[in-house]
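Each structure below is given as structure tokens.
Presented sequentially are two complexes of chain A, the first with chain B as partner and the second with chain C.
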Partner chain A sequence: MKKQAVKTGGRVLRALSVSFSQKCRKGARRAGVFLLCILLILCLCSCWSQRELNTLAIVLGTTLDVGDQPDTLTLTAQVVKASELGSGTTTKGNSSGGKAYVNVSYTDNSVLAAVRELTRMQNRRLYFAHNEVLIFSGELAKKDIAEGLDVFMRDYETRMNVNLLISKGKASEILDENVELEKIPAIHISRLMGNQKSNSETVVVTLRDFAIATLSGSSAPVAPMVELYESDGKKYAKLEGTAVFKKGKMIGELNKEQTRGILWVTNKAQSGEKTVDTPWGQVTLEVLHSSSDLKPVKGEDGTIRMKLTIDVEGAIQGNETTENMSIPENVAMLKGKMKNDVRSDVEGALVQARTLSADVFGFGEAIHREYPEEWEKMKGNWDQEFPKIGMDVQINAELSSEGGLVKPVTPGGAQ
Partner chain B sequence: MHFLTKLVRLLKQQHEQSKEADGNNRSGEGKQGEKVSTQVLSPELKDNLDAVRARFGESSDLIIREFSFGKEKDGRKKAALVFLDGMVNLSTINDDIIEPLMRQSWLSRRGETSDLSGMDEIRDRLLTVGEVKTVYTYNKVIQACLSGDAVLMTEGSCKALDIGAKGWEKRAVSEPTSETAIRGPREGFTENLRTNTTMIRRKIKDPALKIRATVIGKRTHTQVNILYMDGITDPELVCEVERRLKRIDTDMVLASGYLEEYIEDSPYTAFPTIWCSEKPDAVAGKLLEGRVAIAVDGSPFVMTVPMLFVENFQNAEDYITRSYYATMMRILRLVAFFISLFAPAVYIALTTFHQELIPTTLLFTIAASAEGVPFPAVVEVGIMMVIFEILREAGIRMPRPVGQTISIVGALVMGEAAVQAGIVGAPVVIVVAITAVSSFAIPFITDAIALLRWFLVIMAATLGSFGITIGALIILMHLSSLRSFGSRYLAPVAPFQTADLKDTVVRAPLWAMRTRPKEIKPQDVKRENIPSPNDPSVGSGDKQGGNP
Partner chain C sequence: MKLEKGSISPKELMFSVFCFMQGTVLRSGFIISVTRQDSWAMAITGFLLTLPILAVYTGLLRRFPGKNLIEIDDIVFGPVFGKILSAFYLFFFVSLAALNTRDLGNFVAGYMMPETPIAAVTLIFLVGCAYTLRKGIENLMHLSVLFSIIAMGALAVNSILLLKDVQPEFLRPFFQLKFSEFVQGTVSVAAVPMGEILAFTMITPMLGKDKKVGKPLLLGLALSATSMALVIIRDIITLGPLVAIVSLPSFESMRYVSLAGILTRMESIYAVVLVILFLFKVSILLYAFVLGLTQMLSGKSSPRINPDPAGQSYEAEQRRGRRSAPPLVLISVAFVFFYSLFVFESVMENMNWGATTAPFFSLTFEFLLPAVSLLVVCLRKIDKAQEVRA
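Our next item is the complex of A and B:
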């Protein structure tokens, strides 16, 4: 009985649909079905990830400090006040000429807990996708950097290309620095990092670079250090040196010459300026282009040494002397000076790395690539092995140009 | 339970019966119509005139001029000239019809009046008019009057003469307003069919240009001409156009747009599948590519089929400017197409779903303008888009001086004021303005885009960039399923035809475009007699000429 009913019902439906399709044109019916599909799609989904711009607190910089309670950390987020930043007629009324940012901070057990707690004080959701700098305080870095790193790498919203820095002193104070050309300290620091190519004295490290170095196991991750200095009673931030990490903890620092040494070895030195002393006075050289090649070589006794070849091309930028620096003898002398300068940078860095027993150059990776079998034997006690690895440095210097002047401005001496 | 099946059967039966009844009615009407049209003229002049008067009723523009002609000794014969005032050229009526009949009929040597020879005598010896036809039925007489001819009827003859005396007030040939030319010809079509076909004929002085005439519209009896190039155009295409036109069963055709809706391949699409232009040179170009043109009396737009999607981006001026510049313009139009279709949707998706995709500094600017705006981005964009559409409509419909005022009020006052009042953000105004300006760069599909833009805005507001992707895919799928008179709409891009790409994004130099588009299946693919400057024979000739 029931089956019969179902059958008949089906027949009725089919008959109705047939008569419907006969009445309507095929296209109209198809369009109807299509619209129905669209409506169904719209019902099935919702706008759950929709958020209007004026409900977001755009975070541009984040710092992590050691909290005052044991096992806590302080998160400080620099939130942009868009109404102060905007240009044109829209904000003429509300721009009060005040700071274009607000720093909000909270101390809690973990980063996420602090972010959640902040929602009790802020009417807007902290939005980290545009976070440009992440600064750990040196104190926290010496204790443990892993927790902060993990959150910023795991979350979808945060980006891996955020600049990572270590502060000397309290990190949150960096975000309170005075800014002159920019309106927001975080932007100032992030642009500052972009400007470091021309001096080759700072390592530029993103969260991603740092994570790769951490994961390699043998290399020691490095990060640039930032500190505050006072001028006319105002505090400004500047970059100074490099922090060296091992096993998630900061173990030491490199000064700026040693930092340049790392950059020479890792083929990251782009340009920079070198002032050399000559018997007649100072000459300023500029590095136009450089490239380096690091290769492990197995000696006859089976020990592995690193072979580093650096090609440097420079130009005379300034001549304070009265000598003509374009004559071959002087050019050869300047080349020699430049070579020595580079060599002392590299060796200084090597000595410091050996004392810290931190493989900041990536020797381990290079040996792993070239001699995997030997690496298997070495990697167990790499900390002890690393300081023993010798390095031969070969530097080829070239002075390609003396600029627009051939002779010195003040004539005299050997012409 | 059984009553349900019975019900269904009953419903079906009823449905079929009603269909049959419909069919019967229609055929019945047809037969009746035929009966009237086959009613032949009577030999009695008075009967004929009464019948004509009865058909026209008391129409004040009907003029029946009764007179007599012939030699006195043979007995003057009664005659009447029937025409509609305003439709005829009075000097033709006076000088070439009435004058010879009344003054010179005595010249006729034979006055005997067997009725056939009488009518033929008048036609052959008296009337000094170019176009004269003999008609036998009332309907033909009425039709002739309605189309501006004068009809001559005589006593004792059951034939009438349909004398071409058309002449009415018409607009002079002027520069088209919808497509302006910088270097191209400036003349545009008018509302007069014959003027239009003449303009095309004057561009293509070739007997292969064929013009077939047909009449559509039960009440309007609108003249429709089908133009094509014999030997170039696919004959099947011509047959298909004629077949579709014949199928039309409507009482009115007032402009070319009326026909367009009846003969389109996909009546539900937002995109135009029939191209039309006000410029004779553009239509001539299309004809020479192997297309069929349809000219409708009363419309200054001549349609051509089949239409391909790329034609939306082509412009008659492209073929006159240098090919580099024309190519740049093509690319710009393509960019404008994408901007006007996607810009508001992308703005909404970026500002409400994917803020991370906006460059940081730009985000500040947008965020600053969003401060204090009470509406979500969709509503903001929606408001501005509605305002823009209203402004556009108002600007078009109002008389020109008022239209200018509207654009000033709209653009300057409303845009600026809305931002200052904090109702919408400045970026929204910019996005909608860019959208509007872009859509004017591609005038042909502005309407289609205006509709699809809303669709994409809704998709973007609910699903973000996924919505835009889905929407774009739906549009693309739809476009690739479209056909226009046997040609695939997205050709030569979607069925990829290398040879025809030379007139798509790139406008190749004219000498390089040596073949006609293959998608419209021209009989004669090669455009001959267009030698390339790289052609060795031509090149050497030039050299000889240049260095004697």
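Our next item is the complex of A and C:
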């Protein structure tokens, strides 16, 4: 009887201990899962490599100048001052009414060295992911543009769709221009670049486009130029002309008509105006659409010529004369004038490109694509070959609309 | 729904192959630097070169239905020599797992979180892989369709957003390759992303004995080759000659997306998709390794990794305390973690290895060893082979 009781007690005890240990295990497991959840919550705030907005110096524009020591360059970064941005000029907010940006600058052997040196003077780290414009000074561009290009393309923070410009004079001064409609010069210039479609007188070049042209070997990269002008004692920036590069160095410039010529050839001209002289006075035509096609053609004697076809569609946008420009004879005359105008743009650019011996149109790439075998023979001395390449230009002009008036506004025109 | 848990359908296998490849496809920089604007064609020739390799695998798998590569080794070469051969395969799987983990770590640490140590990234990643394996690889494979849709969707969206920036003439002139470059490009594509399908020879028994394995593998590969060609074409027409000098062409093309100043910084989509696809790939490689290791060490031909679809159900197995995941998962993951840390000292070393040595390294395991196995099978077991065919 006693034995039996001991046996039963032992069994109960054993069962109890088993269930206890199972419970323990379950409890430990729950505790473990709970701890893990706490740990995961800690991860959520992502304190590792955290970058808070108030510790960043957001760079919107960067310029590179030649440094005062040999082999150095000056980096100037335009940092946005967020507290000044929010308030308008008339409202009284928390802002002190000062500039919405700060330009920080340092001269050192390389771009990265200058960026790092700046951390000794600024409490915030420069953050380049929102950089919108990259301006090289003409002086630096004439020496070497490679270093700036490499570092701005290699770094993971910077982007390749930043606008590239070359300044006449010191580049850092461009970022100090007076801005009236915008608050930040870099934004002004970047939006300016977005606006150039409507005049077709400026090449719009991103870092990617420039790098592609540089890598090609035959093409001469181009970049728009920006300069300061003075008005009422204040300095403002404007876009003017194009810089031409060869082998990583700036070798010359194109004026605005020649720039338009490049845009016609490379199918980048979109819109613009043409003022033509007629026997009665000036008439303004607007280019609505245009497209061009550049093709190398091999002649019977084996020489390669370029064949350029440009289609332009325009509209009469202004008539300063008293003559009715909507009658068919006048439309035909205007079309002819428009064609001549486009042709003279293209030819002007071609002459300048030949003088510089710089393939700004991408003839070399076009020949490479169409006639790879001939290209193998030509590419060795492309500098000598390029000026000899002839170009046939065919222009098809259309005037499709006359705007809102069928006849000009002339004094006494109602009688 | 009468879907037997623990087994997969041919369709899921096909999309798994696609997901498995896609991770590497998005990092296709390694061949573009050699074959430049003609790289897209390498995706097709590489696929064609993979066909004989695939024929070897299906030849082996068809002769031994329901068996995986390691089990086939044991049958063909006997317990001792078969194990040595299996050890080579396992080395290959674990190396690939470590290399891919390292690739992911390099990507995240290099582009996304430059201040985070690579070990923190790979550790968290591998914990995810271990979790996947513990929950059963078949669940991951069920998700492959969804992952494929995400990957293709991301690809399509990004490509459409790039349309305004592309220049199709960058593809010309066509086929300006030296013969040696052509061979190098083709072999690289065949060996590095496509031949890695070898890992699926450990998974095909999950299809069940009566299903054909060749078709889903082939279709999956064809799908991957198509998407690879499309991705490369997209990168070339966006980046032009730059494509040959940037380290991650797809990433750079997506960084270029800028539509109306609003739709920008699309690379985060790419990063998310890449991490998912890498998780998929490394999980499958790890599974192949862990399963092979278990089978080798236990010496049993079939250690109940995949519940037999005809036998007891998955739940019954679970109730009896058996896990669907093989043991040794955690220890293998730890091994891969350390392996991935010291496998390469730098990204440069990694790139150099990928461009020069990797194809030969991979082809040894992907083609040479299976081909020898098949040859031995044909010579020694002609009767059985005929029986199966009949």
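Everything that follows uses one rule, which is that the second predicted complex is superposed on the first by the 354 of 415 C-alpha atoms of A that agree within 3 Å, B and C clash if a C-alpha of one lies under 4 Å from a C-alpha of the other, contacts with A are read in each partner's own complex, and residues count from 1 in each chain.
Everything that follows uses one rule, which is that a residue touches a chain if its C-beta (ideal position, glycine included) is under 8 Å from a C-beta of that chain, and two chains touch if they have at least 3 such contacts.
Since the model is a prediction, treat every value here as computed from it, not as a measurement.
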item: Contacts of A:Ser83 with chain B and chain C, given as first, second, both or neither; value: first
item: Partner contacting more residues of chain A (chain B vs chain C); value: B
item: Partner chain in contact with A:Thr410 - chain B first, chain C second, else both or neither; value: neither
item: First, second, both or neither for A:Ser198, with chain B first and chain C second; value: neither
item: Touched partner set for A:Arg208, first chain B, second chain C, both or neither; value: second
item: Which superposed partner A:Thr303 touches (first chain B, second chain C, both, neither); value: neither
item: Contacts of A:Asn54 with chain B and chain C, given as first, second, both or neither; value: first
item: Partner chain in contact with A:Tyr127 - chain B first, chain C second, else both or neither; value: first
item: Intersection of the chain A residues that touch chain B with those that touch chain C; value: 49, 159
item: Touching residues on chain C, where the partner in the complex is chain A; value: 110-111, 113-116, 120, 169, 172-173, 176, 239-242, 245, 252, 255-256, 258
item: Residues of chain A defined as touching chain C within the complex; value: 48-49, 156, 159-161, 208, 211-212, 215-216, 368-370, 372
item: Residues on chain B engaged by chain A in the complex (per definition of touch); value: 1, 4-5, 8, 11-12, 15, 266-268, 351-353, 355-356, 360, 363-373, 376-377, 419-420, 425-426, 461-464
item: Contact set on chain A toward chain B in their complex; value: 4-5, 8, 11-12, 15-16, 19, 22-23, 27-28, 31, 42, 45, 47, 49-54, 56, 58, 60, 80, 82-83, 85-91, 94, 127, 129-130, 132, 157, 159, 187
